Structure formats: C-alpha cells, structure tokens
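Note that subunit A is present in both complexes that follow, paired respectively with subunit B and with subunit C.
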Partner chain A sequence: MTQWLATLPNLQPYGDPMYFGYLLLALLPIVVGLYFGRRFALYETAVSFIFILLMFTGPHWPQFYALVAYIIWETLLVLAYHHYRQQADNRWIFYGAVGLSILPLVFVKVTPAIDNGHASLLGFLGISYLTFKAVGMIMESRDGAIKELSLWPVVRFLLFMPTLSSGPIDRYRRFEEDYQNLPSRAAYMAMLQKAVWYIMLGFFYKFILAYFFGTILLKPLEGQALAIGGVFNLPTLGVMYAYGFDLFFDFAGYSLFAIAISYLMGVKTPENFNKPFISRNLKEFWNRWHMSLSFWFRDYVFMRFVFVLMKHKVFKNRNVTSSVAYIVDMGLMGFWHGITWYYIVYGFFHGFGLVINDWWLRKKKRTNLARKKAGQAPLPSNWFTIGFSIFLTFNITMFSFLIFSGFLDRLWFH
Partner chain B sequence: MMDVKREVIAIIEDLFMEDISDMMDEDLFDAGVLDSMAVVELVLALESKFSIKIPVSEMGRDDWNTGNKIVAGVEELRNA
Partner chain C sequence: MLKKFWLILGPVIIALVAIIGIVFLNDAHPTVSYQKELTASTALTLQVFKSATLKQAALSDKEHRFVPFFGSSEWNRMDEMHPSVLAEGYQRSYRPFLLGQKGATSLTQFFGMQQMTKQMQGKQAVFVISPQWFTLQGANPDAFTYYFGTAQGLKFLQNQTGSQADKVAARRFLQVMPKSNVKTMMKRVAKGQDLTQFDQQKIQLQLNMLEHEDAFFSTWLTNDNFTKRVKPKADALPQPYNREALTQRATKLARQETNTNPFSIQNSFFIKRIKGHERKLANSQVHFSYLQSPEYTDFQLVLNQFAKTNTNVLFIIPPVNQKWAAYTGLNEDMYAQTVAKIRYQLEQQGFNHIADLSKDGGHPYFMQDTIHMGWNGWLAVDDYVDPFLTKPQPKPHYRINNDFLSRQWANYLPKK
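Entry: the complex of A and B
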C-alpha cells in the first residue's frame, strides 16, 4: 500500500520554477471556468488532491497518512462541537474541544524536544497552519458566529491547496463566502492581474533575493562568525541582517505565491506582509509582519484572554492586564514555532518589547496632553524622529530574527 | 427607549477621552480611538450598559469599526 507513494516523485509547493509550470497547467481549466462564471468543483477537488498528494510522496510518504488522520480528527471534532453548541454551551466542553484540537500539534512540537530531535509520526508539513483554522472554527462556533457547518465545507476549507503548507491563515466565514460567491468577470480579471503580478514579484523575492541573502551572503558569513567564535562578533552582525532579509524575502515570496494561486482559484486569501521594515514601532511591525498569524493571535488569544481577565477583574490596572496579555500572547507564539530555547526567547522578546512599546506610547500621549494643557507645542515629530524610530524598530526586529534563526545556539553551544 | 447613539458616544468619551459625535462613519481603528485592548473594554461596557451579550467574534475590525456600526450592532442585539 505504501510502496506506490514512496515511488512517486515529490513536488514541494512553490519549491522551484517547474512547479509553477505543472500547477498553472492544471489550474487552466479552473481559470477558464471562473472566467465564464462556473466552478468545476469535481475537477478542482481532483487537482487539489493530486498536488497535495505530491507534497507527501517519495521519502515523505508517512506524512500523507498523518495528514489524512489529522483531517479526520479535526473535522469530526469541529463538527461534533458545532453540533453540541446548537444544544448547549458548557464552558468546559468548549475548553475541551479546543484542547483536543491542538493536541496533535502539541505532540508534534513536544516529541523532538523529549526524544533527541526525532520527529513525531503524527507530524506533516502544514500541521501548524491547519490547527489555526480548526481552532478558529471551534471558537467562532461557540460565539454563534458560524451558524452552519457541514462536512464538505469544513474539509474544503482545511485542505485548501494553495495555502496548505504554510498559510496565509484564512478564516472560515471569509473563505466560505468567497467560495460560494463567484466574482464577476471584471472582478475576476482584476484578481488575475494581481495574481500574475504576485507570481512575478514572488519569483524576484524567493528565487533571486532570498537566494542572494540566504545562500550567497549568509553561508560564508556564518562560516566566518563560527571560526571567530565568542559571544558576538562582526560577522555575526552580518549573519543577523543576511538572515533577516533571507527570512523576509523567502516567506514573503512564498506568501505572494500562495495568495496568487488562491486568487486564480477565485479565493481572496488574506495578505501576509505589508512593508514590515518601514514600521515605526513594534506594534506597527506586528500589523505588517506575518499578518495572518499575528491577527490570529490578536483575535483568538490576546483579545479573548484580555476579555476573561477584565470580566473577572483579575488585575485592577488596565496596563497590567494588557502587559500580561502581550507576554502570554507572544510567548505562546514562540512555543508554537517549536520547543527550542531560541523560539521561546524570540516569543518573549517580542512580548516584553510590546510591553515597553506600549508604555512609551502611553507616556508620549500623557506628555503631549500635559503640554497641550500648558499651552506648549507637542513633542517634536519630524523626519529625524521618524527616521530614528524606523531605524530602531528595524534593528530590534532584525536582532529578534537572529535569535529566531538558531544561529546563536550554534555559535554559543556547539 | 434608551437613546443608543447618545449612550454609545458617552461610553466612548468616558473610556477613551475621545468625542466621536462628529465622526460617526470614520474608522475608529484608523483614527487611533480603538485598538484590540480598547475594543474589549468597550464591549464589556456596552454589555453591562445595555444588558446584551456581544459575541467575541463580532468584535472584528470590519463589523464594529465605526460609531454608526457600533450603534447598529447594539440595536440589533437589543432587539434579538
């Protein structure tokens, strides 16, 4: 049974230019259909199935079975909870459902940490991103925001091929509305135009810029930095910038591809990056960097956590409440990346960074209010202060990526 | 019958020291009046003032982002 999977060629999503040749060819009938206002559901399912299968063929074949088991588990869970929620709303059932839906991911993340780096058999490419979608459906079912849920739409949403491996993370209601309501011909033409532009920009990002920063610059710099050793040295600073740009262009490039292919299929998958390096502070940065992830954490972790804290008046002071929520929110995001010290430190680094950022913004607001009352001009805001804020934010985020890269782990401990 | 609009404006002024009466169709996130933290405070205040339950999923930035949309949302939930 598994023999045939292992012998098939493997096609990693957006891995090389050839992939686009195959994919665009397979999508052509879908594009023609949408142009004439039709969705060929059966053909679309077949194409999605084949391309998903090819992600997990060859040496990755066990992951295919992990994916199938995972989809069955999450689909049953989401549907069962939604069905239950129509009758009753017990808080503990809700927590239980959320717990069970993240359980596979917890196994996958914890296994390498306690088993000498061996990957869990439950894991597969994309599990982290699917978990966000499943948890989101459970939470919105509890709120009564998702009124109807049935088998096929849930599977279709979870297994949406363009974003399966690494997002952007979509929301069920938004996705389903796009799926059910086909764009007008004019709207679809605009979507096609955007898709073409995104694919070209994505090629430039991923296959030229990310290659330049990640391979040509980064590799020699890493070698030099490791040869010198110590806590920090000049080539390590180079590693920091080269890795940071590599990370951005690689992931932003991937996201452009995933969005473009979604658009070709008539689905407006949300954006993931919006010029993150022009942010003036860390709060703004998180509205521009990996947006579908940070917005997910904002809506499903931060706001709900703040809601519970405030409703039960856990802290008297609102600033304490928001600080605790920032640290929990970002700390959890760190753990989500994986259970290694550098991912976790990365998460808390941003959590504390947001607390400091928030404190500074409040202080500035208070100062300006006092100056206004005293008839003074507000604190200066000019090209220098703005330029300095951007420079500072840029370097803080680049440093956080150096932590995230795990390079310091090699430099310090190996 | 409570004047929902006047009450909403009063709550926002009370919580965030911002008078939105002449910008009821402006995006309150873009205007810097609301952020994630403020939305939760606003929801709790609205819930206790109007004895309604606002689902957390409805707090989205597309549905409750202007003064008029908040008023409409509260009225809808009061009549539900």
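Entry: the complex of A and C
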C-alpha cells in the first residue's frame, strides 16, 4: 500500500491550471446529474476519494495514513459525544470531548516548536480545517442545535473534497441542508454561473496577481531589504505591501476556487473574503477577512468565553470582559497559525488592536451623545474621515501581515 | 436554456479558443531576424535569460556566429571596450550572447544551459568565473529563484540520466529552491530514482506549452541595449584596430569618468552606491572568505555540462579593484588562494583556456568599479577572447573527476 501510494502522481489542490482540467472533467457527470435534479452519491464519493488520495500521494504518503487515523478518531469522538449528550450534559465531559478533538492539532502545532522544526507524524494538509469542523459539531451537539448525527453524514461533511485542504470552514447543519435539498434547475444555473465567474476571478487572483506580488515584486524586495539589514528600511516597507497583497490574492484566489467547486457540487460553501481592504476599522476588517475563520472564532471562542466570564461574573465591567475575550480570541488564533513568535505576536497585535478599536468606538459614541445633548452637531463624518480610516486600517493590517510573514524574523535574527 | 448556458460558458470558450489559436498555433521555433538576435544578445533581461526560443535561435544561426558569454553583473558594464562593443566595432566573426545578470551564479547558469545543450554541442563559450560567487552560503536563493524558469527545470529533468552529477544538481536545486512545481520530480532524481512514465509525459506536455508561450512572447523584446549602448560606442571606436590606440582611448575615457574619488571607481557608481556610507565600508571585508563554498560544487556541475556538450570554454577570472580592496580590507592572500583552488579544479580536468586576470586589479583603469572590469580590463579580456574565438583551436579533452562534486572539495581549505 505504502509503495503504491509513493509511486502515484501527486496533485496539490488548485496548485496549477492543469489541476482544474482533471477536476472539472471528473466533476462533469456530477454537474449533469445536478442539472437534472439527481445526486450520484456513489460517483461523487469515488471522485472525492480519488482527488483526496492524490493530495497525499508521492512523497506525501505518510499524510494519507495520518488523515485516515484522524478521521476515525474525530468521527468516533463526535458520534460518541453526540450519543452521550442525548442522555446527559456534564460540563466536564464536554470540555473533555473538545480537548480530545483538538488534541491531534495541538500535537501537530507543538511538535515543530519543540523538535527543531520537524513536522509531527500526525499532521496532514488540512488538519486545522477539519478540526474546526469537528469541534463545531461537538459544540453544537452540546447546544442541542444538532439533533441528529450519524456516521456517513459526519464523514461526508469532514471530508468534503473542495474545502478539505484550506477551507472555507463550513458548519454542519448548513452543509447537511444543502446536501439533502438539491437546488432547483434555475437555482443551480445561477450557482453554475457563479462557479464559472469565481474560477476565472480566482485564476486572475492566484495565478496572475499573487504571482506578480509574491514572486516578481516580493523576491527582489526581500533581497534588497536583507542586504541593507537593520531594524527597518525602505525595501522592508515594500516587502510589507507586496507580501500583504500576495497573501490576500493567493488565499482569496484559493477560496474562490474552493467555493466554485463546492457550488458545482451543489453546496453553497460560505464566502471567505469580502473586499477586506476597504474596511474602516479592525472590527470591520475581521468581518471581511478570512471570514469563515473569524466567524468560527467569534461563535465558538469569543462568544462562549464572554458568556462564561459573564456567568461567573469574573469582571464587573462589561468592557473589560469583552477586551479580555478579544485578546484571548485573537491570541488563540495566533497560536493556531503556529507556535513561532511572529504568529503569536500577530495574534496579540490584532487582539489589542480590537480592544483599542472598541475603546475608540465607545468614546466616539459618548462624545456624539454629549454633543447631541448640548445641541451640537455630531463629530464630522465625510469623505476625508472615511478615507483616512480606510487608509489607517489598511496600513495597520498590512503591518500585521509583515509580522505574520516571518520576514522580520529573517531580517532581525538570521 | 441553451442560451443561458452560452451566456455562462461562452466567454470562457471564446477565451480558450483565442488562446489556443494565438499561442499554440504559433510556430514554436520561429525564425528570428539578425537584428533581433543582436538585441537579445545584449538585452541582459530576465526574459532573454529564460527564453529557450531566443537563445536557441541566435546560437544556431548559421549565417551569424553568436557565442554564449556566461557571467553575472559584469556584462552590464557596457563601456566602449566591452566585448560586445569590440565585436561589433571591428566586425569580428563572432558576437557575444551575454547571459547572466546581477546575482547569477553557477547553478543559475547550469539550469540556463539546459535549454541550449544542442546549440552548445561542440561549440565555444566564454565563462567569467568570479571569486565573489564562492561565499560560505553559495548561490543566493532569492537570486536563483528570480532567474529560474520552470522550462529550465523541466529540460534538466528530461536531459538527466541519473548520473552522479544529476543527483547532485537536483539536490542543490532543492536546497536553494525548496518550493517549486518541479519539486517532487527533483526529489526523485536527487534520490537516484527514475522518473515515472506519468512524469515523463507531464514534462513533455508542459514543455510543449511553455515553448509555445516562450515563442509567442519572444516577439516582444525590451531593453534595446544594442541600439542604445552598443552600436553608438562601436561606431566611435578608432579604426582600424590598434591595441595601442585603444589603450590610450580607454585610459582617456576612464580618467574623465572616475575623477571624483580616490578609488578609480566610475563616478556614477561611486555616487549611487558608496558615497553615503563610505566610512562604514572601511575594513568591511576583512573577514570575507571565498575558500569554502557550495559554489565549488555548482561550478563543477557547470564543468560537467561543458564536458557533456564538448564545449570549448575560455574561463576568465577577474580581479578586484586593488585600491578598494585595500580600503575594505579584503584579504589578498585569500583571494589568491581562491583563484588557485578554482584553477586547480579547472586544470585537473583539462579546462586549460584560462584568462587569469586576478592579479591585475591594480593596473590603471582596469576596473570600472569595485569588482567589475571596465576599460583597460575589458581590453585585457579581449586579448584572450579574440584569438580564442577567431583562431582555430584544438579539440578539448576533458577528464571529469566527480570528486570535485563532493562536500569535501567544497569545504577544502588550501594550505597557505
């Protein structure tokens, strides 16, 4: 089996235009089926299996075993917890189930940090995203939001091929509803149209713009910046913008592909980006950037953490509560990216950024209220203030991406 | 419903047909005019360096003889004595095809050569081997990535036979550029495994596409150095050829252009690159060493390639600006030892055409700036290049020794 896996060609999802050729050809029968209101479950399973297998073949074969083991582990855990939840609701059992479900991811994230950068054997491409889905299912089981759960739908949701490697992160109930209810012909045509548009736009983003920013601009700038050295220099500023745009176009392009392929398969996977660079503040930015991730953290970390803090009356002040929750939420997200100083700093940078943002919004509200009472006009809001806030937010987020890129690590310490 | 389908897919289909029509029905091996070959030969752009079409067209031109001149940033020092200017000005029987830019080193050249192995077969070449390439780190990953084109990698994969040198080349490639779309196949070669049938087909298919693309975009050349920098200078050369008169002219030109600094460095270079932080650069090179470097391995890959294509090569070893070296504290003994190590590697394997100019960095107006030759330096280069390319040369007999591929040789410290 291992030898066979190692000899198979490897196809990284959406890696090159060729991949789309193979994938679209394989998807054609599914598209025809959906057009005529049929879902060929068996064929779909086979295609999904083959394309998932090909992500982990060649030199990546150990990851295939890791994936299989992981799926068994998470599926059993989710089903067992769901089954338990029908009978009882002990808090500690719930914490235990969540803990066990993120345990493999913790191993994968911690191993390189303590073992000279060696990857954990448990790791595979996409483990984070599957973990988000699994944890989501456990939490919603506890809430009683997920009423029914059985083996095949869980596996199908976890292993949904288009979004396996890097999201967007879907929710079980939403996914299952799409899966069970086939779209009408007119609705499916609209989905088809959107899919074609997204694939084309994705090509433009990933293979043209991301290449321009990430290869043509970024590489020489990095060289210049490293050659000059020091704490900060002009080419490093260039690296900041080039990397930021590269990151956006690469990931947004990928997300468009994943969404488009989902649509072709009759599933309306949620959006991941919504013009993030026109945000007027950090809060808005996180409603527009990597949305499926930030919403996941909002629903399953931030909200729940705030709830726990309020319930136990940890802080008297509501604002302190939300501030602490912001920092924990974003800090955790930083750790999730990887255990290196720059990911962690990136997380806390945004955590504190959101706290400051919140404070500013409150202050503005108070001021405007006071001005209103005094019969004055509210603080000015015009093209200049709006333009300035967009400019400021844009540069703050770009700077955070410079931290995130790890380039400063190379500039300062290597 | 059909109309709806057409509205959705029509634009995509039209675009696909247009691309296939324009790019793929285009001749993959177009005839390139002499004028365009001249432009390409001195353009020194990334496009030309990566383009198989342009390199192959010029080097296989039966009516005009282009000779590949491999090197790095020195080719951009286009003063009146530059090899391309002299070849044009005195209507020599050859024209240099300049390959290599700032930051290019042996590994970049090795992969570039993969696209023109046929055109190099049994022919001649000139190679400027700079001791500055031989740093402890060796090839700079950023520069390598910048100059590397997928077609070069695919050509290498197609050319390779699983030899020791091929394994080392793949290993070095993976070290310098760990992320690329030929990574998986390179790993196989590095491990000494054969490529699969699927791999071979994939390579052929991709190469086919890239060749058409290359041919298509080769129509548009940028950076016409030939008309802007080479031709006017060639026209200004004293006629007929007279070495004495050339030296006088070189010296006169150089004196005018280097009169603002004590290092005889070209004024524009001095103002742009040194003036602001001259003080900081004093003794900045005391600890430089070129004795141990993976570059020795990469250089051996290049030598292997020349032996494989039986190319007769003239190697030029440039000096550094002596006044500048003294100011920055560059260790002259170390430099001489580096040159000796490079020469040993060459001579042991039968590469006997060596223009060793490494001791001439103190001659008047030999250098254009800190490490690049100019004026009288270019004339000294020409003293070797012209006879090598215009007089009949015996066939080379190379004796390749794979020990030079080893880490031991790369890290070998010559005895003082």
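In this section, the second predicted complex is superposed on the first by the 414 of 414 C-alpha atoms of A that agree within 3 Å, B and C clash if a C-alpha of one lies under 4 Å from a C-alpha of the other, contacts with A are read in each partner's own complex, and residues count from 1 in each chain.
Throughout what follows, contacts are C-beta pairs under 8 Å (C-beta built on N, C-alpha and C of every residue); 3 or more make two chains touch, one makes a residue touch a chain.
Since we're looking at a predicted model, the values are computed, not measured.
Q: State whether subunit B and subunit C clash or fit side by side on subunit A once the two structures are superposed.
A: After superposition on subunit A, subunit B vs subunit C: fit, no clash.
Q: Considering only the touch criterion stated at the top, classify A:238 as touching first (subunit B), second (subunit C), both, or neither.
A: Neither subunit B nor subunit C is touched by A:238.
Q: Could you tell me if A:153 is touching subunit B, subunit C, both of them or neither one (first, second, both, neither)?
A: neither
Q: Just to be sure I read the superposition right, which of the two partners does A:33 touch: subunit B = first, subunit C = second, or both, or neither?
A: After superposing on A, A:33 lies clear of both subunit B and subunit C.
Q: Taking the superposition as given, does A:338 touch the first partner, subunit B, the second, subunit C, both, or neither?
A: neither
Q: Look at A:220 in the shared chain and tell me whether it touches subunit B only, subunit C only, both, or neither; answer first, second, both or neither.
A: Second partner only.
Q: Touch check for A:200: first (subunit B), second (subunit C), both, or neither?
A: A:200: touches subunit C, not subunit B.
Q: Check the superposed model and tell me the shortest C-alpha distance between subunit B and subunit C, rounded to whole Å.
A: Closest C-alpha pair between subunit B and subunit C: 31 Å.
Q: Under the touch definition given earlier, write down the residues of subunit C that touch subunit A in their complex.
A: 4, 7-9, 12, 103, 140, 142-143, 145-146, 181, 184, 187, 196, 198-199, 202
Q: Under the touch definition given earlier, write down the residues of subunit A that touch subunit C in their complex.
A: 7, 9-10, 15-16, 58-59, 189, 192-193, 196, 200, 215, 219-220, 222-223, 226
Q: Spell out the residues on subunit B that touch subunit A in their complex, using ranges where they run on.
A: Going through subunit B, the ones touching subunit A are 36-37, 39-41, 43-44, 55-60.
Q: For subunit A, which residues count as touching subunit B in their complex?
A: 139-140, 143-145, 298-299, 302-304, 306-307, 310-311, 318, 321-322, 325
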